[in-house]
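To start, I am sharing the structure in question, which I have written as structure tokens.
Per-chain residue numbering starts at 1, and chain names A, B, C, D, E and F are given in the order in which the chains are listed.
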Amino acid sequence: MTKTGKQPAETAVEQNVYKIFPNDLNSKHTVFGGLVMGLCDRTALIVAERHSGRSCVTVAVDSLTFLAPAHTGETLVVKASVNRSWRSSMEIGVHVAAENSFQGDRRHVVSAYLTFVALDDDGKPTEVPPVLPKTAVEHRRFVAADERRAARLAIGRP
Amino acid sequence: MTKTGKQPAETAVEQNVYKIFPNDLNSKHTVFGGLVMGLCDRTALIVAERHSGRSCVTVAVDSLTFLAPAHTGETLVVKASVNRSWRSSMEIGVHVAAENSFQGDRRHVVSAYLTFVALDDDGKPTEVPPVLPKTAVEHRRFVAADERRAARLAIGRP
Amino acid sequence: MTKTGKQPAETAVEQNVYKIFPNDLNSKHTVFGGLVMGLCDRTALIVAERHSGRSCVTVAVDSLTFLAPAHTGETLVVKASVNRSWRSSMEIGVHVAAENSFQGDRRHVVSAYLTFVALDDDGKPTEVPPVLPKTAVEHRRFVAADERRAARLAIGRP
Amino acid sequence: MTKTGKQPAETAVEQNVYKIFPNDLNSKHTVFGGLVMGLCDRTALIVAERHSGRSCVTVAVDSLTFLAPAHTGETLVVKASVNRSWRSSMEIGVHVAAENSFQGDRRHVVSAYLTFVALDDDGKPTEVPPVLPKTAVEHRRFVAADERRAARLAIGRP
Amino acid sequence: MTKTGKQPAETAVEQNVYKIFPNDLNSKHTVFGGLVMGLCDRTALIVAERHSGRSCVTVAVDSLTFLAPAHTGETLVVKASVNRSWRSSMEIGVHVAAENSFQGDRRHVVSAYLTFVALDDDGKPTEVPPVLPKTAVEHRRFVAADERRAARLAIGRP
Amino acid sequence: MTKTGKQPAETAVEQNVYKIFPNDLNSKHTVFGGLVMGLCDRTALIVAERHSGRSCVTVAVDSLTFLAPAHTGETLVVKASVNRSWRSSMEIGVHVAAENSFQGDRRHVVSAYLTFVALDDDGKPTEVPPVLPKTAVEHRRFVAADERRAARLAIGRP
């Protein structure tokens, strides 16, 4: 079956929100890093499954960067979209902001690139549709994703 | 301080997503009702805090209705927006769909109306800005919210 | 099979207790609304299954009202009993108090009415036994439940 | 301040219920032992705080015994009451049954004895009221608790 | 099938670490007893399964003692090893220390003895290999385990 | 204050174990990626705090790679050690194996490099001790960490 390509905007998660509660904090009273990682992974997984039409598993996290801490009472706002796909894998870009919901301002707190592989019914990697970038931003991400992948392959990583 | 009114679209949560995992299921293998209630409450809280600029607490859940079950592997997609405000309270409407992320189709599974009260720094109820409906849908919800409130007050509920 | 009716007292949960810990709090240091909703749902489910002898699912939450906040260190005390049944559905009433276990005093913090449907082995709605009220309180709840249902049906809700 | 004694029935938890869900199971599909232990501890803590009127901490678990496995779909029914107190400590007995809520039958699955110490505002052990057994069962437990304590002290345990 | 004996050191868990976060605390700001119990049970289970080569279930907790409180920011360090086995059961000893990871010092906070039974594929108790103590400490624990078991059997416990 | 350097072996976590339960699985019945990420972060944090003697926060995850899936019933075995430190940051390497505790065999399932920053009492980055590699493996990791950092800085990442 030939898979029809999709534009990233068709499968993106635009605004996944998570209100930070006291039980999400580490002993410095900022958000526990592992919680943010889990949130990035869960959100990106949805994009990967929307794009591929298949169950997907995480195969790599490249450069998840914490730019600033987030605090209790703030709202995490997560955006995720597919940047590029290869035979059976896809790179999903994730952007997390911390929103002060009372004032309305947001600051960028985390950026991440995650790679997922689509699986067939036997759990084997299977072909995914091409990504069809349309906007300038989508084109820029499409190109950068291939550069990141080349850099990974150059050092023997998947 | 006079609070400036806001349009519902300014503070709405458009697409809060939650991938259902096996540990979210009850013994009938459908999503545990309490999990969906918590998700509605957490999402509506963000809208209430965006609209009021204040910490808010839930005071009532009116008519949270489960229209259909949701299953493991599906994605819950939650939308929430403020319908109307009164002196210190607001009605937030919540709509939950279950998305088959592989095929892209969604079915409506839950509707709910929640009432929140905004609190000042001493934890006392405090004034909230008016809701300024602009679209036809926003106007319809604005009117219906007042009818629901009148019905509640008529039977002695907050 | 004709189902024998049961008195509410036979299937009631008299005292489901939950000690509030710091991780159950929202950013105002009162108990997170979603936690209380989940607790109401889990407790009411047990009553519904005791009454019907069947797996049950939540179909509606009508008027869950937060009358007062609960705080860390207090104990939530949940009571639930079946008010009335119809063909395949039941209304369960839930009462939550916050107990200061050190002094022994309790305040009423939440009231809720939840509707459950009983399912047969194929997941289809199935007949449930009648409710046989005996005490004055049980009779009052039995009548009020039918009035609430009539009001719901009048506005097109289940 | 002389503390007035209390009868165990005044502070007992009679029916703490917990519906077992799929996420409470170990890989043998029976309830995870650690979940039951936590449930016993949380329930017994409430009894200790009701009896002493103080914050309490667990100091020992003696003979928590799993008599039979519990399964998904069943309801755990936990009972706890104070057996005896000494200067600043109390023994709380816990009984857990697994109820088939559909049929109504229960089997005894866990018995446990936990010892708690009451703390004053500085976190130091503080005096607790005497236990005043009235029923034959309460008297039997009162005597047995002292024998268990003597056996513990004989082998150098608290 | 004759099972070959194993030395405790072969199957021990030497250093299971758990960083305490604010959400692990009770209302006295020390670690919730039930959390520590669950951690002991999960760690001991791994030792029981390594020793027996079988799925195991907890049958008893004897003398889990809290010697000192643990606080947020500290790291729990759990050690567990098999002390002795009988036909189908094993005693696992657990030692928990609270480590101030900043200074490096540790204090002993919990000791526990748990008994597990190994199950065959039908869920019936099945034979486990003998424990072969080699070091002086292992020999001492081997002897003491049998004394504890004799004391338990003398009072009718498993 | 001049900080004395430490050998990685002094602060390493050798064997952090985690028994996989059904509630840790995604809808493909393999371990949820976000759970493994959280486990890596929590374990690496302890190493960072042991090495620096300070509270630490995650600033970046570089190349967390899933080499193979892990399944229910298996035990995750996590090892973590510091590879190199710079002024206020440290690279921690993490290795996760999935152990079949019944047979004793393990397979390597995840590798990850995380960067942490040490904070002083005001939450500002503060100096950390040098890493003093002694073994051949420690030396190899010490050199490779600097190469990874140079590659990150070359593309504008922290």
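Operating definition for what follows: a contact is a pair of C-beta atoms (placed from the backbone, for glycine too) under 8 Å apart; a residue touches a chain by one contact, two chains touch by 3 or more.
Note that the structure is predicted; figures quoted are calculated from it, not measured.
Shared contacts of chain B and chain C, meaning chains that touch the two of them, come down to A, D. For the pairs E-F and A-F, the larger set of C-beta contacts lies at A-F. Relative to chain F, the chain whose mean Cα position lies farthest away is C.
Taking each chain's centre as the average of its CA atoms, chain B and chain E sit 46 Å apart. Between chain A and chain C, the centres computed from C-alpha atoms are 40 Å apart.
In chain D, the residues touching two or more other chains are 22-23, 26-27, 32, 42, 45, 55, 73. Pairwise chain contacts in this structure: A-B, A-C, A-E, A-F, B-C, B-D, B-F, C-D, C-E, D-E, D-F, E-F. Those residues of chain B that touch chain C in the complex are listed here as 26-28, 30, 32-35, 37-42, 45, 55, 57-66, 69, 112, 119, 123, 151-152, 157-158.
Contact residues on chain D toward chain B in their complex (touch as defined above): 20-23, 72-73. Contacts from chain F toward chain E in the complex involve residues 13-19, 42-43, 45-46, 49-50, 53-55, 73, 75, 101-104.
Listing the residues of chain F that touch chain B in their complex gives 22-27, 29, 32.
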